[in-house]
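Each structure below appears as structure tokens.
Each of the next two complexes has chain A plus one more chain, namely chain B in the first and chain C in the second.
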Partner chain A sequence: MDPTEVEFLAEKEIVKIIPNFSLDKIYLIGGDLGPFNPGLPVQVPVWLALNLKQRQKCRILPPQWMDVDKLEEVREMERKEDSFTPPPSPYYMELTKLLLNHASDNIPKADEIRTLVKDIWDTRIAKLRLSADSFISQQEAHAKLDNLTLMEINTTRSFLLGSLNCMFKLRSNMQPGTSTGKGPDY
Partner chain B sequence: MSDALSENGSEQNDSQEELMTPVELIAKLEEAWLNEKFSPDLLENKSEVVECVMEQLTHMEDNLQRVSKGDMKASVHRMEIDRIRFVLSSYLRSRLQKIEKFFPHVLEKEKSRADGDPSYLSPEEYAFAREYLANTETYLKAVALRHMPPNLQAVDMMKAVPEPCLDSFVFLRVKEQQDNIMVEPETDDQREYVVDLDVGSQHLMRYRTIAPLVSTGAVQLI
Partner chain C sequence: MFVTDIRKEFYDVVINQVRVVFLSSKDDKCLDVLLTALFHCDQVQYTLVPVTGWQDLGTAFLEHKEQFRYFVLLNCGANVDLLEMLQPDDDSIFFICDTHRPVDVVNVYNDSQIKLLIKQDDDLGVPSYDDIFRDEDEEADDSGNESDGGSEPAGKRKRYDEGAVERRIERQRAKREWEARRREILFDYEQYEYHGTSASLVIFELAWVLTKDNKDMLWWAVIGLTDQWVHDKITHMKYVTDIATMQRHVSRHNHRNEDEDNSLSIDCMRISFEYDLRLTLYQHWSLFESICNSTYTSCNFKLWSLNGQKKLQEFLADMGLPLKQVRQKFHSMDMVIKENLREVIEESSNKYGMKDIRIQTFGVHFGFKNRFLASDVVHAAAALLESTEKDESASDNFIKALDCLSSNIKKSNLERLHLGIDLAKKKLIAIQQTVASCICTNLILSQGPFLYCYLMEGTPDVRLFSKPMALTLLCKYLLKAFVSSTRNKRCKLLPLVMAAPLDVEKGTVIVLGIPPDSDTSDKKNFFGRAFEKAAESTSSRSLHDHFDTSIIELKMEDRTKFLDALITLLS
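So, the complex of A and B:
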């Protein structure tokens, strides 16, 4: 899966915005939005929030977890624990990126948040590499991956699954053409 | 199917589809999209979902025709349509890619399916697979096979094209509790064991083990 597709899924998350225009309720296929009144916070999906922001029609309120104190706590937890702690949001990396790139003027202490999220990400990816390594060296057939986010899974997907398939082929000593691998020459 | 309406050919929506709200419909489409993207094998076709989504989209686009260009609401609607259309095309494209990759096996599976079982391919996909097979055969014949000695001119497509590898690992999230799923050992000196799949938990395991759960919708590939 392409990282942009993970971002696409993250854009479905709901954020609060404060619009500066008024508009009746919008009846979208995927649910109703609005009504929009100037100054009154309203919940919209991220894709719409970013679009409105780019057209300077709203102010985005950062999600609750996007807060320096809370993220520092998460970072400490993440460094202390050996296993994965629950992520601040299932799309924390993507949302941080999207919101900070397009609406950094609406988010207090944007630079600190960026650094903190990067720290959390790095710690988690290091753990992920470590567990992938032990998964392979112990030749496990099942792993539980609670608290991993889609973006994290996605960064390791093609490499990990590719190597597992390769090892499987080497081990199972299969005849060409019966399964997997390349077919025989025509 | 006891519903009298569904027997009426002119009635397009049968009772089952009308029970689904558009929100659920879009969620279904996204589920099918991700499952299809990550499963090594071709899954059952979801033509009823695809048709319903198409209907919603055309309906919405027709409505938008009547709205003036600069309208704010219309632009929001258009953005949503583009997003749904992206998922829909990506879903159909990933199915076509798998059909191209495994066409003899896909056709064989379709042929050996018992009457009354749901078809894996939509009629359009079936036509595509048949044509793809015929074209490949013609092509091989034209460029190489006819220059071969007669005893080497036959090619068994089933053997020439690799089968989908069901032993690939997949990532999944559990949507309905499943107990006692058998995990086969990787090496001979390990023993097989069972795991419970709790709702909301995420796992990495072989596709073969959980393939039936994907088609019932108990797990979601991620």
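So, the complex of A and C:
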């Protein structure tokens, strides 16, 4: 999967905006949106929010989790635990990038938020690497990881599967016919 | 016809159209960027066609005549009778947003097809309708009376005839008088060519009225205004007044977002008012180079002479700036020196007779690294537009210049801006060297009513000066330098005509004239009409294609007789 595809999926998330135009309810395949009244907050998917923002027709309100204190707490929790803590949002990385690139003037303390989210991401990816490493060195048969987001899984997916396949080929070709118990099935 | 409510009569009309064409002269690119950004917000489809001159405008119009009804002309078309030149159909409507003055009287008084997006308090001096246009009824009266007089029986006819003949003679005399007065009024009105309020300011105010203005548009409006000042198209007073207007908008935008608790991200664009030095591009160059290549300092020190160089060294020593520091890139100068630089330079330059070394302007910064003054961007965009690299067509250059202006939105265009700044540096160095050589070799000759200078073909960088804007800069610089270096009092008040080779194969030269240089000049240029008349009287093969009528192209062989005609005309 391409990271851009993951971002595309992330754009379905709902975010609150304050429009400066008025429009009646619109009926789309994915659901109903609106009605839009100037000055009144309304929930829309991120793709629409970004489009309206670029046309200067709305102001985006940051999501609940995009707050310096809350993210600091999450970061501390992440650093303390060995396993993965629940992420602020299943698409936290993509939403941060999209919202901070296009609407950073609507989000207070945008620079700090960017740093905090990057810290959380780094910690989680480090844990993922550690866990993949121990999985391979201990030659486990299966592993279960909770609370991973799609973007994080996507970073390791192709490399992990590809290298596991290579290792399987190497192991099964080392001594044809002899099974010294060294070739676990993947 | 002047548009009174720009929102209702222009914007609302245009956004309801399916498609619109913009025909833009390449002068004020900020205007293009501003207007297109405004239309992007409302998702109106438009076509942007850059045109270089009247002929280009005509061809572009013919190409698009079939498909489009609404044409918006940016920075061209106000000073000529559009309907006569383009011969449009009756349902084509033209919106003209232009700084060229005087506005042609036909354009002003045409109610149906031509709408002028120009502020009317601009001191236009348009002659009143009755002075110029005579109604048709009076003509009918004349012929009616004559036929009446003719159908009367013979006896009565004699009596009526006398009365009728007298009245007719009286009317004809009045008509001749009126026509003579009309010619005089029109001549006075159209004699001088000058520039009005920047069109980007007008469009920015439209955006403000629609509350679609944002910092990007404000920045573009500021660049448009600075462009007029850098290229010496408006007076200093007007520049200062317009800057004050812009300052109000800037403070409005700055207060909107800044708060103690919610400070903005460093990546957001911030515009700030600066009372900064008049040294061109000094923050992207070394201080020494910038002082050598800026018009103001170079003419005051007379840097083409040895004495001038010595004075410059004295000036630097007086400020306590070590030479090593001053020759380094500005970013790498010591912080200690950079902190008080402006005040130190202002103090010292007062001693050397440069009272106006500081000028009110605006600067923008976004991110940690990118700080630009409005004049930097102006020079960069102008250099990109007129770059004479091979394999680059005019429209490519136009697109590159537009890109470099929107570098605050798309970070990838920052490279364009830096490239533009490099090109501008080369252009300034070339101008400085040409000016130095012209003054030292006394290439400027006084022809009586004006000064004249001709750039030979072998001059280095002469290719750069085949473009109108670069040649204008050179001209103004040269005139200032000449005025400061000559002792002849009379010559100081003369205008300058400059000629440079345009195309060696076709054997053409580009000729342009600028008004005399003085602090109180109102920048009104009479060379447009003068060139036309001189070319007519000598039947020289000339091309009056530029939107600025004071720039023409001429065949090399006709140069001498054209000049002689010009001398006799102006003396």
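Keep this in mind: the second predicted complex is superposed on the first by the 171 of 186 C-alpha atoms of A that agree within 3 Å, B and C clash if a C-alpha of one lies under 4 Å from a C-alpha of the other, contacts with A are read in each partner's own complex, and residues count from 1 in each chain.
Basically, contacts are C-beta pairs under 8 Å (C-beta built on N, C-alpha and C of every residue); 3 or more make two chains touch, one makes a residue touch a chain.
Please read all numbers here as calculations on a predicted model, not as lab measurements.
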> Touch check for A:Gly39: first (chain B), second (chain C), both, or neither?
Replying inline: neither
>> For A:Gln56, using the defined touch cut-off, is the partner it touches chain B, chain C, both, or neither? Pick first, second, both or neither.
In response: second
>> For A:Ser104 in the superposed arrangement: first (chain B), second (chain C), both or neither?
In response: second
> So which one touches more of the residues on chain A, chain B or chain C?
Replying inline: B
> Between chain B (first) and chain C (second), which does A:Lys144 come into contact with in this model arrangement: first, second, both, or neither?
Replying inline: first
>> Give me the intersection of chain A's contacts with chain B and its contacts with chain C, in residue numbers.
In response: none
> What residues of chain C sit close enough to touch chain A in their complex?
Replying inline: 40-43, 211-212, 214, 257, 261-268
>> Can you tell me which positions in chain B touch chain A when the two form their complex?
In response: 22-23, 26, 30, 37-38, 56-57, 60, 72-73, 76-77, 79-81, 83-84, 86, 90, 140, 144-145, 155, 159-163, 165, 167-171, 183-187, 190, 195, 201-206, 222
>> Residue numbers of chain A touching chain C in their complex, please.
In response: 20, 55-57, 100, 104-105, 107-111
> Considering the complex alone, what residue numbers of chain A touch chain B?
Replying inline: 1, 5, 8-9, 21, 23-24, 26, 28-31, 33, 47-48, 51, 135, 139-148, 150, 153, 157, 160-161, 164-165, 168, 171-172, 177-184, 186
